[in-house]
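Below is one structure. I have some questions about it.
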Amino acid sequence: MSDSVTFRVHRFKQGDAASHHDSFEFEPGPRSTVLDALTAIRRTQDPTLTLRHSCFHASCGTCGMKVNGREVLACVTNVRELGTGEVTVDPLDNAPLVSDLVVDMGPFFARLNAVERPLVRESELVPGAHTASGIPQPLRYEDCIECGICISACPIAATDPEYLGPAALAAADRVREEPRGGDVPFVLGLADDPHGAWRCHVAFECSEACPSNVDPAGHIMQLRRSLIGRRWRALLAQPVEAGR
Amino acid sequence: MTGPTDELRAAPGGGRELPERWAPEERDTLPGVGWAWQAITGALVLVLLTLHMIANHFVVQGGLRDYQQVIAYITNPIILPLETLFLVVVSWHGLLGLRAVIFDFGLSARAERIVTRVFVVVWLATIVYGVTLLAILVTRP
Amino acid sequence: MTDRTAPTGRTALPDATAPSSARRRGVAGWVDVRGRRLGGWAFILNRVTGLGVLFYLYLHLLVLSQLAIGPGAWDSLLKNWFLNPVFLVLDVVLLAGLLIHGLNGIRVSLVGFGLVVSRQKALLGAFGTIGAIVLLIGTLMFISHGG
Amino acid sequence: MSLENRSPAPHVVIVGGGGTGGALALDLVLRGLRVTLVERGEITSGTTGRHHGLLHSGARYAVNDAESAVECIEENQLLRRVAPGSFEENDGLFVGIDDEDMAYGEKLFAACGATGIPARWLSPAEALRLEPNLNPALKGAIQVPDATFDAMRLPLRWFASAKARGAVIEPFCEVTSFVVRDRCVAGVRGRDHRSGKDFEIGADLVVNAGGPWAEKIAAMAGVDVPIQPSPGVLLALRGRLCNMVVNRMHKSGDGDIVVPQRALSIVGTSSWVVEDPDDLGVPEDHVQKMYQEGAKLIPAVMSAPFRQAWSAARPLIGSREASTGRELSRTFKCFDHLEQDGVEGFVTISGGKATTARAMAETTANVICGKLGVDAPCRTRDTVLLPHTAHYAA
């Protein structure tokens, strides 16, 4: 058995009529990831290959792509563990294609931007740890690494271009849980929309695919529960106000 | 406070600007109601369908009612309103579901309105058809 | 050599944000099952069975019009068609469709109203098991009726 | 000469889309210049994004390099003001395990006092109360205002803010040659890998902000820049083992830091030297060293689930004969190639640290404005940055 793996890589340049796949050979080591393979291919075989990457350890979320049809972070996907002699690499779905493996994250970030979820949270810190003097409140980053994998895996995002999407809805629910100065009624108003929390069809593909344990679908369901509660409270408050 | 400042909001790209196509021309006044309806009618369909299946197939010798058995069944004063309700609810649930599937093809707001109107007509026609059929059978000597 | 040159101080690069090709899969997104997990399958099956059952509903209503024609029309339909083994197989398919759509509907409603969210995977498994058992019992009953 | 009298304003092309390039783009547009930044790959895909995310208090340098330490604590305080909401602001600990560490600790505490870095001795019990996962055998700890930042998302705020003020940011545009007329750099040529088409951009001045790639970029202009790419291995473990940055109370060495980040803990770093910053590799013995040394600070490092090990190349200035990179300076240098090599219109910025990227940009922008005859003050010290999401959303 040969150690070499064939990478079938999606190729597209702006102005091309259609995309195609190019094949490259790569010999993986025990630690080689799909990202290592792609950067090695770019270095030694084709310098025109475009892909997004930054941190190499599942913290930045730039290297989300489809490997053998599944959405993953290329930087933590071990080539040998895939167990296939041929590895197909495609860009994420449900986003505008820029070139090769690069998609335009603009629509994704526009939604996150609108929700205005703070980057740092004040919960899920080290259990039992006390706060150092001079620190008002210990902080840590939110789990979401804004990779776009949830949008690619979501069957609703595939059909509804206006869908707010799992990441932004999960972010909205985080604002509800922990406002940190955020405008909760505004954010709930965004989510309470036919193209918002109500559009989800509970496939949980986003939560399955999420590389950072965000559980977007779970957040969407919590969001719905609080939206229903809000609706009931508004309904019950009306007669009370009318009676005054 | 770690939330965004007004200064950041005011800056270009500083937040709250959604892609144009996301902001619907007419905001649904009660978003989520269609979804809730589908769940409620679905639950009703489940109950009525279970009754319908048991009464029509599982308790009947041979699994299907012959003509006389059908007439005997639907002239029952409890069954008749239940079967009528079943027709109303199941066609509502089914057509609302089909409408959602059609909307997934990415229709314009105008086309969506037309589809909705057509479906209301189809739904009413279904009820008229079913009720007429029941009336003929129940009133037949 | 270069197809875009610019005088000093001016750039002539393309608009990188212009989408060259939308990769939204559209309706293919819910038909394409490659790489999908159990919940994705449930979503697809829910739609397929929903469409199938709706088609059956109207077929069923149409067939019932034979009742209006009279006892002869209905009973001969019964004898010549519906008690045929081929129809019994179709009945099993219908029952499977109803079970998938109905049980998944309960799951989607419960989870969708914010209930059992943390145990939704277990719910999916439990409903899958219930559906399989009911389908088996139903099939046996169809066979016993046919025999 | 003021900018109002010049139309159009001078155009600066920055080659390299790391943190330094981003901060420089913002600095220059805030001073009224026109800026185009070209980057071979995605923004922050080189060294910047692979950083462990330590916002230095300066304590790491206080004993041996007071100048760097002062620079760090200034930038540390300044960045919290201009980039609110971008940091895990939980402070850091220098943890002493043995008597040698404690002896270093005395020097460290004194040096922090001399360089203006707030520092506080903690007893072992106090340190364990703050960080229960620390090695229980610790002998003492010093609390300093370290913090964690997201190696990509903090720089993205510079890019977002620069873009919002008119800078043109072009990723996936690789420079392949310089436009040189009469020993004067007048622009860059290259290929836009998104379209596969060649481009040429004219410039009044070109800045080489290539980090460890700076030497390769400078060579295109026929200029030598002594950069030694010096990679280090980092290890990411699943689970948050600490809230504060945990440093070894010792002079810089392998595996002397654990940086919490989101739901990960990053153990760093090692140091060696390579020729090609594109071909680093991850030496297995370095990974094992991270486990061994990291576990001396936090024993749970040994049992925490593995997430990833990777390498990042520091752009160190200095001799190519270096063997580990540790002997090379961590300060930055701005080269005006007119003085050094007789080439006009070309400036290189390299060396330095992620914490001081803004300061590097300020120094470089001062040099650039001096060369272009632009009289405008630096404004990045008090301009609050846009959120990182605005970089892609805008």
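The letters A, B, C and D name the chains in turn, as written, and every chain counts its residues from 1.
By definition in this document, contacts are C-beta pairs under 8 Å (C-beta built on N, C-alpha and C of every residue); 3 or more make two chains touch, one makes a residue touch a chain.
These figures come from a predicted structure and were not determined experimentally.
S.K.: Taking all protein C-alpha atoms shown, work out their mean, then name the chain whose own C-alpha mean is nearest to it.
M.R.: So the chain sitting closest to the middle is A.
S.K.: Counting C-beta pairs in contact, pick out the pair of chains that comes out on top.
M.R.: A-D
S.K.: When the centre of a chain is set as the mean of its C-alpha atoms, what distance in Å lies between chain B and chain C?
M.R.: Taking the average C-alpha coordinate of chain B and of chain C, the gap between them is 16 Å.
S.K.: For chain A versus chain D, what separation do you get between their C-alpha means, in angstrom?
M.R.: 26
S.K.: In whole angstrom, what separates the CA-based centres of chain B and chain D?
M.R.: 58
S.K.: Where in chain A do residues touch two or more other chains at once?
M.R.: Each of 14-15, 98-99, 104, 106, 110, 113, 118-120, 139, 159, 161, 224, 228 in chain A touches at least two other chains.
S.K.: Which parts of chain C, given as residue numbers and ranges, touch two or more other chains?
M.R.: Touching at least two other chains: 14, 16, 26-27, 30, 108, 112-113.
S.K.: What are the residues of chain B that contact at least two other chains?
M.R.: Correct list: 2-4, 13-15, 17, 35, 104-106.
S.K.: Taking the complex as given, what residues does chain C use to touch chain A?
M.R.: 14, 16-30, 34-37, 39-40, 42-44, 46, 107-108, 111-115, 117-118, 120-121
S.K.: Show me the residue ranges of chain A that touch chain C in the complex, using the header's touch definition.
M.R.: Chain A residues touching chain C: 12, 14-16, 19, 66, 68-71, 91-99, 103-104, 106, 153, 155, 157-159, 161, 200-205, 208-209, 217-218, 221-222, 224-226, 228.
S.K.: Hey, which residues of chain B end up touching chain C in the complex?
M.R.: 35, 39, 42-43, 45-46, 49, 58, 62-64, 66-68, 70, 90-91, 94-95, 97-98, 101, 104-106, 126, 129-130, 133, 136-137
S.K.: Give the list of chain C residues in touch with chain B in this complex.
M.R.: Within the complex, chain C contacts chain B at residues 26-27, 30, 47, 50-51, 53-54, 57-58, 61, 64-65, 67-68, 70-71, 74-75, 78, 82-83, 98, 102, 105-106, 108-109, 112-113, 141-142, 145-146.
S.K.: Report the residues of chain D in contact with chain A in the complex, numbered from low to high.
M.R.: By the definition above, chain D touches chain A via 41-45, 48-50, 53, 85-91, 118, 120, 129-133, 143, 148, 150-153, 172, 174, 191, 193-197, 234, 236, 240-244, 260-264, 266, 278-279, 282, 284, 307-310, 312, 387-393.
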